[in-house]
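Got a structure here, written out as C-alpha cells. Questions coming.
To keep things simple, chains are lettered A, B, C and D as they appear, and every chain counts its residues starting from 1.
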C-alpha cells in the first residue's frame, strides 16, 4: 500500500465513477482538503489502474453483478473498500469474510445508508424509545414513490420495537375504539407508521415520542441526493482503523 | 336592553356558570377590561336574574336538554346569546330563526368550535388547497381519545375536498403501488388523514400542502383547554353587530 | 392578437429565455397541457419574433437595463406581460401606467415573488396576526446568504405590523429583563425576526402566532428554485383578465 | 434499611410533600405499581418519621436552607436521596461526598433537571453536533419569562460547543455581511441561540443541525409541569445501584 506515503493524505479511487452517484463521490473526494483522488474506474476500464495509481481506499457504487469481482481485486491488493452497492445477502458477506481472513489488514465497509442524519435519527430513536410511553413514526416523500411506508421508516420502527422489547417496555397506550380504516397508520412490529406523499418534498422522517407532559421529536430532512457524500467520506477516512468486514456506517461514528 | 348604559361596557351573564367550561368563561369575562360580569346561572337558579341584572349578552355552555328554553328566554328578552352547547340540528336552527324573526334586533351565535386557531387553520387550508398539487392532514392527540381521525381533522379534509372540487383541481398524485395496510392513512373525501396518539400531547393538527419545489404547512397546537375563551369573548363583543342567527364563529372574524 | 386563435390555447413567449430562470419557464410552458410555447428571445435575438409568432403573453425574466424597452414593445403590440425582472420603482411603474392607458386591453403584471407558498404564508400571517397576542418570524436559509433577516422575513414582519396597527392590536407581551444581546432577534416594526443559517437548507420561513392556550404556525419551505414556475403559469393564464398594471401576484389568486 | 423487605417493593418518602412539586411526586409514587409511599414530611413534621416508616428512598424538593440538614439525616440513616432542590455549589457537593464516604452503601442524586426529554435532547445534540457543518438552537417560551435565552438553551449550546471543540470541528459557516442587529441571535460559545416568547407556549426547544443536503432536528416540547415526574421515579428506582454522589440524572439512563 502506498497509503499516506509522503503527503500524509489518503489516495482514493472510485469504482462506478461515471454513474450518477459515483460522479458525486469523485467530486466530493476532489473537494476534500485531506484526500487525493487517484482514478475513476467504470465499465470497460482496467481495474488494475487502482493499484498502479497507489490507491489505498476505493469507493464502490457499481452493480450487484460486478461488485464481488471488484472487492476480490481490492482485498487481494490490500486496498480498503467503502461500498454502497446493494445486493449483499449473508452468503456474500460470508464470502467477503473468507477473503478478508487471508488479508487481515484490509477493511471492507458495506453500508445500506450513508446519510449520517438518517443513521443518527434511527439510533437516537432507538435509544430514546424505552424512556417514553408512546412513539410513532411519520415519513414524508414525493408522490412518485412506489412503496409505503418507506424502507427507512420500517427499519426505524423495527429498531424501536427491538429496543422496547429488550427494555421490557409495556405496550403503547391507544384507546382508539372507533374510526376510519387506516387512520392510525400501518403497524410495524407494534409501532404505528404513517406515510405522506406530497409534491415538492424529497425524503423526510419524523419520530415522535411522548411521556407525561412532554414530547421529544427527532426529524431528518433529506433535501438533496448529495446528502450521502459526507457519510462516504467518513467511511473513507476511517476504514483503515476497521480491518475485516463492517456492515453499517454506524460503527465508524463512535456513538457509544 | 341596558346595554352599555352609562359605562359604555357590555354587561355579560353566563348560563352553565358552575360547569367546567362555564367557570372559565366567568373568569375570562371578569378579567376583560371592556366587559362587566353580571350574573351566573346554573341548575336551580332563576333565569330571570339575567334580565333583572341588565345583562345584554349571555354565554351558554349548558346541555342540549335545556339550551332551547334558555334561548327562548334570551330572545324574548332581547338578550344576545353566544352558544357553545352542542346538539343543534336543522330543526332546532329553524325554530331559532322563527323566534328571532319576531325579535329582529337580537342575535344568536351557535358555534361548534370557539378556538380561533382551529378556525383559521381550517379556513387557510381550504383557501390554499386549490393552489397545490398535494395536501394531507395529520392530527396528533393524547392516547385516551376514542375516535380516529378527530372530528376537526375530518371537517378540515371535507372543507379541503370541497374547495378543490369547486376549483376543478385534478386528483392528488400518489404512485403508491405496494405497502402495508394503513400506511397511507384514512381517506376522507379523497384527502388522506393520519392520526397519531402520543402521551403528553393535547390536541394538535398539521395540514401539509405541496407543489413544485415548495410546501406550505399550517399547524394548530391546542395546549390548554382555555384556548376557547378568546373566541367566546370575540363572540360576545361582536354579537350585537350580527342580529339574527349565525352558525360558526368564522363570520365574526371578518376574514373576507 | 392571435390569442387562442383556433386551438383555444394561450401562445406564450419568453424574454430572457436562455437565462437560468427563463430556461425553467420555457420548460414549464412546454410541459403545460393548456399552453403553447412560441419563441424564446434573449440578447441578440429580434424581439419582433414575438409578434410574428402570434404570441399573446410574454414572460420576462431579463435585466433592469432592458426590461422597459421590452415592455414598451409588448404593450404597443398588445402582448400581455408577466414580469419577474427586478428594479421597478414608482417612476417606472408610472411610465408603464402611461403606456397601458393608451392600450387599455393589455395587461402587465410586475411580481417581486412568484412563489405561491410564500405569498400565501405572508397573506395568512397578516390575516391571523390581529387575532393573537404574540407573533414572531423565524427564517432559515443556507449559510452563504449575505443578508439577515431575509427580504421575505422583513416584508412579512412589515405586513404583520401593519395589520396589527390597523386592527388596533395592543403591544406584544414580552417580560424579558435580562439576557444575551441578540437572543430576542431583530426588531422589524415591533415584530421579532430570527434568522438561522444552516448548511443543507434552501429557503424556509415560519411564522409563530400564539394566544391563550393555543398557537398557530404557518411554515413555508422552498426546497427547489423551480418553485416559482407554478406562480408564473398562474400569471400567464390570468393576465388577460387583468388589463392595466398589476403589482404582486396576490391579486390574481382571488384570495378575497 | 427496610428496603424491599417482604414485598420486593421500594418504600419511598417525600420531603417537601406539601409543596407544589412535592405533591406531584407523592401522587406519582402512589400511582406507580412498583413503589410504596411511606410518609410525606414538610415544615413542622418530624423527619424521624422517615426511618420509623421503613423508608428506603427519599425524594427532596424543599429549599436550599434546609436541604443539607435533610440529607445529613438521610445519609446517617442509610436512606438514599433523590434531590431536585437547587443551590448546590462545589462546597456543598464536597460536604456531601464527605458524609457519603462514611456511609458507602448510600446514594445521593443531585439533579438540576428531571425532564428525560430535555436530557436526551441535550445529549443527542452534543453527540450529533460534530457530524454536521451547522448547528443552531431555538428556544420558545411563554412571554412572562424574564431571561433570554433560557438556561437550558445556554447549557445545550455549551455542550454542543464543547463536543465540537473536542472533535476538532471547523468554525460554523456564516456569510452574513449585512443585516439588522440581533437577527442572527445570541452567541453562546460560538453557537447561535434564538429565543421566542409566545403566549400559549410552555417550554420548548429545537436544535437544528445541517450538512450537505440534509438536516437533523431534535425538538423537546414540555407541555405540562408534571413532565419531571417520570425522571424522578427513574431516579428513585435506580439510586440503590449508584452508591455515593451522582450529579445529573444522565448517569442513570445508561445512554452509553
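To be clear about the criterion, contacts are C-beta pairs under 8 Å (C-beta built on N, C-alpha and C of every residue); 3 or more make two chains touch, one makes a residue touch a chain.
What you see is a predicted model; the values in this text were computed from it and never measured.
Peer 1: Which chain has its C-alpha centre farthest away from the C-alpha centre of subunit A?
Peer 2: B
Peer 1: So which one's got more C-beta contacts, A-C or A-B?
Peer 2: By number of C-beta pairs in contact, A-B is the larger.
Peer 1: Give, as an integer number of Å, the spacing between the C-alpha centres of subunit C and subunit B.
Peer 2: The answer is 34 Å.
Peer 1: Any idea how many Å lie between the Cα centroids of subunit A and subunit C?
Peer 2: A distance of 40 Å separates the two centres.
Peer 1: Once you find the CA centre of subunit A and the CA centre of subunit B, what distance in Å lies between them?
Peer 2: A distance of 48 Å separates the two centres.
Peer 1: Enumerate the residues of subunit B that touch no fewer than two other chains.
Peer 2: Within subunit B, residues 132, 200-201, 209, 211-215, 221, 223-224, 227 contact more than one other chain.
Peer 1: Considering only which chains touch which, label the overall pattern as line, ring, star, complete or other.
Peer 2: The chain contacts form a complete graph, every chain touching every other.
Peer 1: Which bits of subunit C are touching subunit B when the two form their complex?
Peer 2: Listed in rising order, the residues are 115-118, 120-121, 124, 127-128, 131-132, 209, 211-227, 229-230, 253, 255-256.
Peer 1: Given the complex with subunit A, which residues does subunit C contribute to the contact?
Peer 2: 200-202, 221, 223-224, 227
Peer 1: Please give the residue numbers of subunit A that touch subunit B in the complex, ascending.
Peer 2: The contact residues of subunit A facing subunit B are 132-136, 138, 140, 143-149, 172-188, 192-201, 208-215.
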